[in-house]
Amino acid sequence: MSNELTTQMRELAKKLLEEEKVQMVIGWEKGSLPYHSTPVFVTNPEDAQKLIWDEYCANNLASYLLDYRNSGMKIALFVKGCDSRAIVRLLQDQQINRENVYVIGINCPGIKDNFNPEKEIAERCRDCTHPEPVLYDEIIGEKPDRASDKERFEGIEEIENMTPDEKYQFWQKEYDKCIRCFACRNVCPGCSCRECIFDQGQKWLERRVVSSENAFYHLTRALHLAGRCIECGECERVCPMNIPIMKLNKKIAKDIDSLFGPYEAAVNLEEMPPLGKYKEEDPEEFM
Amino acid sequence: MAQEMLKASANPLLPVVCKVTKIVDETPDVKTFHVTSENGKPFTPMPGQLGMVSLVDVGEAMFSVTSQGEDHLEFAIKRVGMLTDALHEMEPGQEIAVRGPYGNGFPIDMCKGKDLLFIGGGIGLAPLRSLINYCFENRNDFGHIQIIYGSRSPADLCFKDDIFNNWPKQENTRVDITVDKGDENWTGNEGFVPQILEEVNPSPEGKVAVVCGPPIMIKFVLQSLAKMNFTDDQIVTTLEMRMKCGIGKCGRCNIGSCYVCLDGPVFTLKQLNNMPNEY
Amino acid sequence: MKIINVEKIPEIIKKWQNDCEVFVPVDNEGAVDFIPWSEGSKITLEGNSLVPPKKLFFPQTETLYKYETKGQSANVIALEEKTAQRIIFGIRPCDLKSLEMLDDVFLTKGFVDPYYKLKRENTALVALLCAEACDTCFCTSMNIDPGAASGADIVACKSGEQLGLQAQTEKGEELLNKVSQLTTEGEIDFKKAGNFKLQADIEGLAEKLKEHFESPYWEAACRKCIGCGTCTYLCPTCHCFDINSNTRGDHGIKTRCWDSCMFSEYTLMAGGHNPRPGKKERFRQRFLHKLQYFPERYNKTACVGCGRCLAKCPAIVDITRIITELREVTGIGTGNVESVS
């Protein structure tokens, strides 16, 4: 797809490492199968040639910065539009220091889903609002000439139009599929708690994988991300059981947008999540 | 095939209900629980073996059986988490559930006919006590017995009746007690266990050293023993890992390909040196 | 060999269903799963299930016993488990092999797990041989023959619209006798899968790994892992579990649930010490368990090459690559693996 970008990435990474501007570059490398592009952590300039860019570079690499938040390391990473919002998320949540990351933006033409490689474009890219990164130190790639073929909140009315019983049944059926592997949480740049409440024995969540506990897990996570979800869709991509996690996240984003908005999370570093601040004109009909 | 029933006897995960008959306050955060079932002891462990103790509605955890009588087992338990908090809140008469025995226990055959050097710190004396008591019950099978035990303060010494009265009275036995820091009434040794060990300076000749205590104590004790020319197969210790099943299935207590619940908890230092350093 | 048209499979199953439960692989919104067959179930004869059939012997959530508490008294109540006879139809050779490993864990080394044993004894296995490899399959690298199914009661193989059924045990004979009116005697032209895209060479690896516990390789290799439990839960040989109390007022149930060595609290002790405190230690545990510890303990590699872990890993951690890299790290060379383009 974009060999030119691959070359540029390698040169950039090599230079950054050689000049000791950073100690690590996070990008993607090719896996064993044609549709496998997988995260790679380059620390030697000569390994920069492992880096690639192709239509399967799905992983949002920003979440990996959480692994190094106490290391003091200076790290460069490549971000697509959605991934760049994860950087904003981490900065607003005070998880990383701006001076410790060197952000290389990639103008993203949309990617494919490595779990459904036969699809022309990943479902989550269809309603992308930010193919161009919102935050970067430098940027590579041509400005993408593409328009989303789906509105940001398209499809949400399907669940909005359900009766409470229908909603209950719909979500219960989905949550019954959950095996509680925690992939959705672990991949999420908004899930940055040092000790998640779901990792505290049975204090909050029973170990049993049953409807009620699964629902509690998913609803808690969705609400914790209310106004903070960057809509990157990584949770839904990695779910091995195909649970439509983004449907609920988008519904909550839509509600926040209509109640406190217009608001789109982590697009602008200065604009903090509405639930994290108080404004006089906030609705208060429940008071 | 006919429907089958899982019988208690055939189910190693099913515990036996026991009554707590006596609770001894050892230290501010250690209590010893005497437990007995309808039919006496729920099982008869060898020294160093383990029992899975549970308050059924709270949880289960593995503890070494510190001692046993004709019809009861004793568990000395330090308050460190949710289950042990609940256990410490119990009053005599409470029913708990127990299953076991698990693990290999101390190598009695290897110790027979030898002098024994016990080195313990804090709650680490609990597993050693099962072997110490066994030795005194079978006094002629063992040579000289030397016990070095220490804790942070006089109040933190466990099994005070044993360490100050019962054990020193035994023939051919020496007991050295130390505390990191004494109080106004303390007239005994002050200093860490490894220090006292070096002062006592036991010869490794014909001896087995049995060590249990906090990791930092073990680290320095092992250095001292090495200085005194104890070999790695003369040193025995007992390990603690998180366990759920106790029967070698649930997977979490492994150190390399060893399962502490089955192949341990007792290992010689020689064995440990051949295992990954992950415990 | 008995032959039947694949369209007639439901009729066989219906017959068997008269006196037992038959689990079949069914596509449930993109995720193939073994579920009890019912009228209208669309059986998937291509590919493999997403969740391995281990769940039928070792369920993700299983009740061990019940208990009651009242004041100071406690009562433990054993379950009267009524596991009916069951048939698993369509288990693949790799997953069949995984049952040998689970048997080692749950039935040997001094303690027999009665919950597992009961289910194992009450289940007949109809294996389905593989004519085609999925992209992520590498069973042959784990010395598993996709064209054989030892341990199955019946072996099935598909060619075109024909399904051949061959009994391998008395139980299998009985089952085939029950459906003899639906089948004809014959042979079918079955060719087992051969075109594997992934390969790995485990020859001699377990022995060499002993010296590489402290290798810097683990630190580098673990970086991309996000520490979720997908690989362990979808692995047909992973068998770690947790045991918990689930109390409601004065009564409750003791349950065991799948657990994962990838989780931070897995080895965390009450006092706060954790022998495997970080991602590196947990990642290393998973791979050494499969490639060194399990072979040392049970003389088998705890991987059957089903490829589920790779197929669903959020970060595409590829066990075949790890094996290849470990060969280099341990100095035994790249082995017989042809490079995959």
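Note that the chains are named A, B and C in the order they appear, and that numbering of residues resets to 1 at the start of each chain.
Definition applied: a contact is a pair of C-beta atoms (placed from the backbone, for glycine too) under 8 Å apart; a residue touches a chain by one contact, two chains touch by 3 or more.
Remember, predicted model here, so these are calculated numbers, not experimental data.
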| field | Chain closest to the middle, measuring from C-alpha centroids that were averaged per chain | value | C
| task | Average the CA atoms of each chain to get its centre, and name the chain whose centre is farthest from that of chain A. | result | B
| Interchain centroid distance [CA atoms averaged], chain A/chain C, Å | 31
| How many Å are there between the centre of chain B and the centre of chain C, using C-alpha atoms for each centre? | 38
| note | Per the C-alpha means, the centres of chain A and chain B lie apart by a whole-Å value of 49
| query | So which bits of chain C are touching at least two other chains? | reply | 242, 244-245, 259
| task | Please set out, as single numbers or ranges, the residues of chain B touching at least two other chains. | result | 82
| Which residues of chain A are in contact with two or more other chains? | 201
| note | Listed in rising order, the residues of chain A that touch chain C in the complex are 31-33, 36-41, 59, 63-64, 67, 114-115, 177, 179-183, 185-187, 199-202, 206-210, 234, 237-238, 240-242
| said: Which residues of chain B touch chain C once you look at their complex with the stated criterion? | reply: 1, 3-8, 10-17, 54-61, 80-84, 91, 93-97, 215, 240-242, 244-245, 247-252, 254-257, 262, 276-279
| What residues of chain C sit close enough to touch chain A in their complex? | 28-31, 50-51, 60-61, 135-136, 197-198, 220, 223-224, 226-230, 233-234, 242, 244-246, 255, 257-260, 263-265, 279, 310-312, 314-318, 320-321, 340
| message | Which residues of chain C touch chain B once you look at their complex with the stated criterion? | response | 64-65, 67, 69, 72-76, 78-83, 85, 105-106, 109-115, 118, 121-122, 213, 239-245, 247, 252, 254, 256, 259, 261, 266-271, 273, 275-276, 281, 285, 288-289, 292-294, 296-297
